[in-house]
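First the structure, then my questions, so here it is.
Order of writing sets the chain letters: A, B, C, D, E and F. Residues in each chain are counted from 1.
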Amino acid sequence: MSLWKSFNQGIIKENPVLRLMIGLCPVLAVSNNAINALGMSVAVAFVLICSNAVVAMIRKTTPDEIRIPIFIIVISTFVTISDYVMNAFTPDLYAALGVFVPLIVVNCIILGRAEAFAYRNPVLNSILDGVGMSLGFALALISIGVIREVLGAGSVFGIALFNPAVAATIMVLPPGAFITIGVLMAALNKFENKVQ
Amino acid sequence: MSTFKRGIHPFGYHKAETAEKAVRELPLPKRVVLPLQQNLGCPNEALVKVGDEVHEGQKIADSAKFVAAPIHAPISGRVTKIEKLPNPCGFDVPAIVIDAGENAPQEARYDGKWSVDELAPEQIRKIVREAGIVGLGGAAFPTHVKLSPPPEKKIGAIIINGCECEPYITADHRIMLERTEDVLYGAKAIAKAVGADRIIIGVEDNKQDAIEKLKYEIRNGSTSSPYQPSREKSRDTKSETNTKLEIQSLKTKYPQGGEKMLIKATLGREVPSGGLALDVGVVVQNVGTAVAVAEAIKLGKPLIDRVVTVTGSGVKEPQNLLVRIGTSFLEIIEHGGGLKDDAAKLIMGGPMMGLAVSSLDLPVVKATTCLLVLSKKEVREYEEQSCIRCGRCIKACPIGLTPNFLADFIKLKDWARVEEYHVADCIECGCCAYVCPSRIYLVQYFKIAKRELQTRKAVCR
Amino acid sequence: MIIATSIIVLGLLGFVFAALLALAADYFKIEEDLRLAAIVAILPGANCGACGAAGCRAFAERLIKGEVAVSGCLAGGQDVANQLAAVMGVEQPTDVHKRVAVVHCGAKGSQRKIKANYSGVKTCQAAEMIAGGGLMCGYGCLGYGDCYCVCPFDAIRMSDGLPVFDHNKCTACGKCVAACPRKIISIIPYAFNVVVACSSRDTGAATRKNCPVGCIACKICEKQAPAVFKVEDNLAVIDYTRTGIDGGPAIEKCPTKCIIRIDQ
Amino acid sequence: MLGRNYLGAGENVGKIFKLGIILAVFCVISAGGLAIVYMYTQPKIVLNSQLALEGSKKAVLPPSGKGQAIAVSPRGYGGPIEMLVGVDPVGKVSGVKILSQRETPGLGANIVKPKFLDQFKGKSLKDPLEPKKDIDAITGATISSRAVCVGVKEALRKAK
Amino acid sequence: MELLGIFFAAFLINNILLIRFIALCSFFGVSTKIDTSVGMSFAVIFVMTISSAVSWMVYHYVLAPFHLEFLRTAAFILTIAALVQLEELYLKKMIPNLYRAMGIYLPLITTNCAILAVAFLAIDYRYDFLRSMVYSLGVSGGYSLAIVLFAYVRDRMALAPIPKWFQGYPIAFITAALMSLAFLGFTGMFGL
Amino acid sequence: MSFNISVSPHIRLPFDAKSIMWVVVLALLFPAAAGVYFFGLPALVLIVFTTLVAVITEAVCQWLAKRPITAADGSAVVTGLLLALILPPTFPLWMAAIGAVFAIGIVKVLFGGLGFNIFNPALAARAFLLASWPVAMTTWIRPFDAVTTATPLFLVNKMHQAAPGYWDLFIGNRAGSLGETSVLAILIGALVLLLTRVIDWPAPAAFIGSVALFSWLLGHDPWFAIMSGGLMIGAFFMATDYVTAPVTTKGRFIFGLGCGIMTVLIRYFGGFPEGVNYSILFMNILTPLIDRYARPKLFGGR
């Protein structure tokens, strides 16, 4: 598979969130403002790229029978690293993301890519796949975060845009997350149909 | 006053148009068309060939199967055709055509005259079968089959159905008024055939005169009535003294004439789901059938004519007619002065369960209770809307179904749930569709589903 | 110190679980369909449930039963679909043997004569039950599109009351054949390219009365190409087992133009 | 998920042992790496939380630094409100800070705003400390406002 | 009373699916059929109870004594994965009927964030063993409630002429949004 | 000539879905009139405006979805009118417009339009507005003089103050949503619906009865409980909504009972002073489940 394709397909065509419907939990839970969304995206990107790289590296030497436990160990290592690093250097963000940082370990994107891609492809492709998938994930997550923050709090990345009293608070509450992603998906459906 | 649960009160019964009009006999038709399959059950095979001369009352078609009733020539004449012709259902089926010809008709010849008191139950059944009698309430199920319950089922009572719950129709009403003694005679014969010692005649309370007449007849009786107390005493046979006869007045409600509903209303028993009236020890027969049985026994006359109500805003002169089976609709309608200009829908049967037919060029069959012609303003093409879940259909359904959900599952072709929601119990009375504010063709869906489920089970005919 | 304890604890944990599982797997061993393991190995193993099945294993079981398509795994994408196709031995049908569905009726909605106005549920199945939907012709297309509704490949569209088949999309799955209550859709070899667009077994005179484009059993086609056409029971039928014979002249000569090419 | 088609029947103990060792090796590498990360980040994390606590204390106490900072957690609308109340030596509130809360965003969550919290400065147990009496409640969020009042009262009582 | 509060908070007020957004993949994937959602619910209740008990013990008796709290992510996921696998193997062999009813959902549960989240949260809230058991029961009950109700609602939508672009997942999300809106009514109940 | 053919029955009750909708509109006019009487011109403007927006939204959505435009069938009028009646009388018009668009566009049309919505559009929109602009949604005024005040339920349950007199509650002389205050007007509207058989009694009876019963059991004044808040309008106009409530009599009874229990829970133990809105929305989720199990007994079935 070409390097470009490895990189490209995760962004729109196989966007993990809006197309493949995986890794939804953090997308909905931490997208109530753009900063949280950005933070989560970075954490996921870190874990995804690193674990893809490591899995691709060890793929020749891993016994097939216990590959998945080994993947889990690898992933949980990187998750714990990002957990502690965030806690140490960005404590506010860490507090906001809460339990969702350690939960990256069961995010289907990561294990899914390790199994479906990194385990069968060379290191460079796997890293690019990780980057592409992370970008796709970040794209979905941050756009949802921005939409919810603007509509729900009248600001973006914490910068006030208009009087927050006018903003519809529901958008930063749980129902707002569902509505936003539902409408985004429908829009993507329509957009894709038009393109075709 | 007793009745059953749920059901509907149709808006306007339209019985007054014909209720007061005595049954008149239609002049003998020049030609009759007799589809070989007229009733539920198996098709008949012709016993005559093209060119044969037949006389009135001659058996011209029969079947070796048990669930079938033979067909007799309603008029004397010559068989001119045996070919596929449209039946009232709109499909082409084999039919015998008899033309009376120019010559004076031959005499009718009926075989045998009996008296019910002298007949054994098997003999009554045989007479009924040979006379080709079927249920004349509209379903046309062969009567002798109903009169032959399996030995393990004890029949305690028979119910004579005089409800006539469908709007417009008054044929049974007139029969009860004009043929009262034959109704009672036939009822007794039926009771004897199944060994029941209780006869109940259920009549809706919008036919008070019929109730009075029946009661009067039982009390006083004419000389020919088998129920005159003095005569019964003088005969002093066991079966007669033990037979209790009662007239039950029922609260007017549709579909009281349905077999299950009538049993519930009169006896308070519920026919089990998937079961028959036999299962609660009852046989139900229509008043018209009772008269046909009486005629078959007393005169040896097979079923070759029946009373048909011709009514509706689309006919010029609504009336009740005694017509020969096989007469064309056109001839009947023309006898009533023909159609009005705005006639838009021709229905064989009542407005709730009747069959809309596409042409006047169709024959009366044994199941033809009524010819109803609706005018343009009464016939609207209803555009089906989405269900608003008002629940009126559920409140109307006498069986306790949930028609709205059933229709949904049928649309989804979710046959497992269609069965789970008991579509097989539907009696197609039309209450649900009548009340539906969204004008959903619920009955049509149920018919589709029943047919589908039957083909799925691959029940052979 | 902390490094040492952590290494010991997690190492022990890993070893214990691995050994435990291995022993358990041995102890509770059950034989399975060999393909199942192969399919499970191909699947991403994410058990995300996005396919609607409860986990990858359930998906594999359903795949073996034929309840889902090889492309059903959303997380795996195209690669997995290709590999699954290889395991399952699924092939694309080649064009040479391509078979397609055709309708044996050519009467457009405006050409049909009616004997009564039907109102009710707007499906062919429902209309057929009520005096054939009021059509004069007891054999022709009712035009409510039951076939259109069941087509899983979006290969049928309704045009003036007649189904029009997109033969590129048609896979000859037979759903429309089963759905048609009048049984006038059939599957024919695509290469043959000729169809009698009528199913009426009425006599010629009756058909002529009911429909301008019906087969009147004139037998002209039979004379033109006797190897292909045969008039049976008042209707021309094509023997699709004959290949390489052109029905062209018959198409030309048919007086009611009820023999047509399917790729027009 | 662990070893889905793990070892067929008849595999010997040696194979099991070998796989166990491999998994254990991965665990060991992972544990070692994590321990190193932990050693580097843990002091910083502890420091962070101490700094945060001290900063909060500083914010609620009078400039002199005297008095007590009392942590209370009254029940709010969406759960407990963790708050820190500074009480000066004479028993008056010197400052209030909300550490964490789960009140409705845009409504009860406005209790963190200085405009609301500054009202408490200088109040003592003698004051009624009730919304609509001496405290202007946040519009539409009487419950959250009342919860903060209850918390301040509790802190003042504790300070005695 | 406090236990009841913990249960109720986990069950309705902070419903794991509709308010906390955990385990959503299975929420949307499995709720397309009523039967599967019911099967999944039972499997989740079963596994969550066992795994939260075991992970509580692992944390308090293995990790905490050695000050190895930072290994909890790795240790928990390993424990849960092994546990689920063991349960699956055991059921398949020993109670095949139960396995047929529930077993196919077991692999789906390993990557179900809810199981791991409950293990984490019970520790974050510093619950003792009894409380963490009640908590996990509340969470799994809330999961079951939401997913079964959602399956029934989606079942009712089978015939609805939903606009084309919204068919499938988008309308499922909108439905979840409205369900979540209804669950907002529980906010602040019992002062929780 | 050609006859018409169709399956039986060949006659239909002359009462269709449209007539039902307009009867509901008629019944709603009573509480609407009471609202205008107590809260003045702004209330009238709010009612007319919200209803208009609802109807226009329906028409636009149907046009966008390329479906037949049936916005005049009365169902959108009912939704718009109901929404206006459960908003504060001084609610800003632009927010009301968003509420109406949400009710029709998201809650109704996206789910397939009339007959397919899972949630009551007006109630879902109210919950949406309450979560979005809580301040505006909880700003109440006194009748006639438009002075800002709190609703009786809030005063009694959250502030532990005395309740207004029964007579004021009954005729509607109290603060509250536009159409919910006058029990008298709602009862007249309900009578219209009950007499025309548009609604049946199980749901409202179970709803009001259970609220009264459980309030009494918990030591609250049952009369106050049923006459305050939105219970009356909710019980008669929303718990009886065909589309979002169960279809069978048994099911409707269970639905009403559930609504009552939820309302009591939220009122006395929850964060909100009023629970009618959320309780009906929650029971809407349960409707498919109730529908499945609360079916009538089959004739001749066990």
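Note that in this section a contact is a pair of C-beta atoms (placed from the backbone, for glycine too) under 8 Å apart; a residue touches a chain by one contact, two chains touch by 3 or more.
Everything quoted here is computed from the prediction, not taken from an experiment.
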Contact-connected components, chain E excluded, all else fixed in place: one piece
Neighbouring chains common to chain B and chain F, by label: C, E
Starting at chain C, fewest touch steps before arriving at chain D: 1
Between B-C and E-F, the pair with more C-beta contacts: E-F
Chain at maximum distance from chain C, centres defined as averaged CA atoms: D
Separation of mean Cα positions, chain F and chain A [Å, integer]: 41
Averaged-CA centre spacing for the pair chain D and chain B, given as whole angstrom: 82
Contacts with two or more other chains, residues of chain E listed in rising order: 25, 28-29, 70-71, 74, 78, 81-82, 85, 107, 110-111, 159, 161, 166, 171, 174, 178, 181, 183-184, 187-188
Where chain A touches two or more other chains, by residue: 21-22, 66, 68-69, 72-73, 76-77, 80, 84, 108, 111, 165, 169-170, 173, 175, 179
Residues of chain D whose C-beta touches two or more other chains: 1-7, 19, 23, 26-27, 30-31, 34-35, 37-38, 42, 77-78, 104, 106-107, 143
Every chain pair meeting the contact rule: A-C, A-D, A-E, A-F, B-C, B-E, B-F, C-D, C-E, C-F, D-E, D-F, E-F
Complex contact set, residues of chain E against chain F: 148-149, 152-153, 155-157, 159-163, 166, 171, 174-175, 178-179, 181-190
Residue numbers on chain D that touch chain F, as the complex places them: 77-78, 104, 106-107, 139-143
Sites on chain F touched by chain B in the complex: 1-17, 19-20, 112-116, 200, 242-243, 245, 247-249, 252, 291, 295-301
Residue numbers on chain F that touch chain E, as the complex places them: 65, 67, 106-107, 109-113, 116, 118-119, 124, 127-128, 131, 262, 265-266, 269-272, 275, 277-279, 281-282, 284-289, 291-292
Residues of chain C that touch chain D when the two form their complex: 2-3, 6-7, 9-19, 21-23, 25-26, 29, 37, 40-41, 45, 47, 57
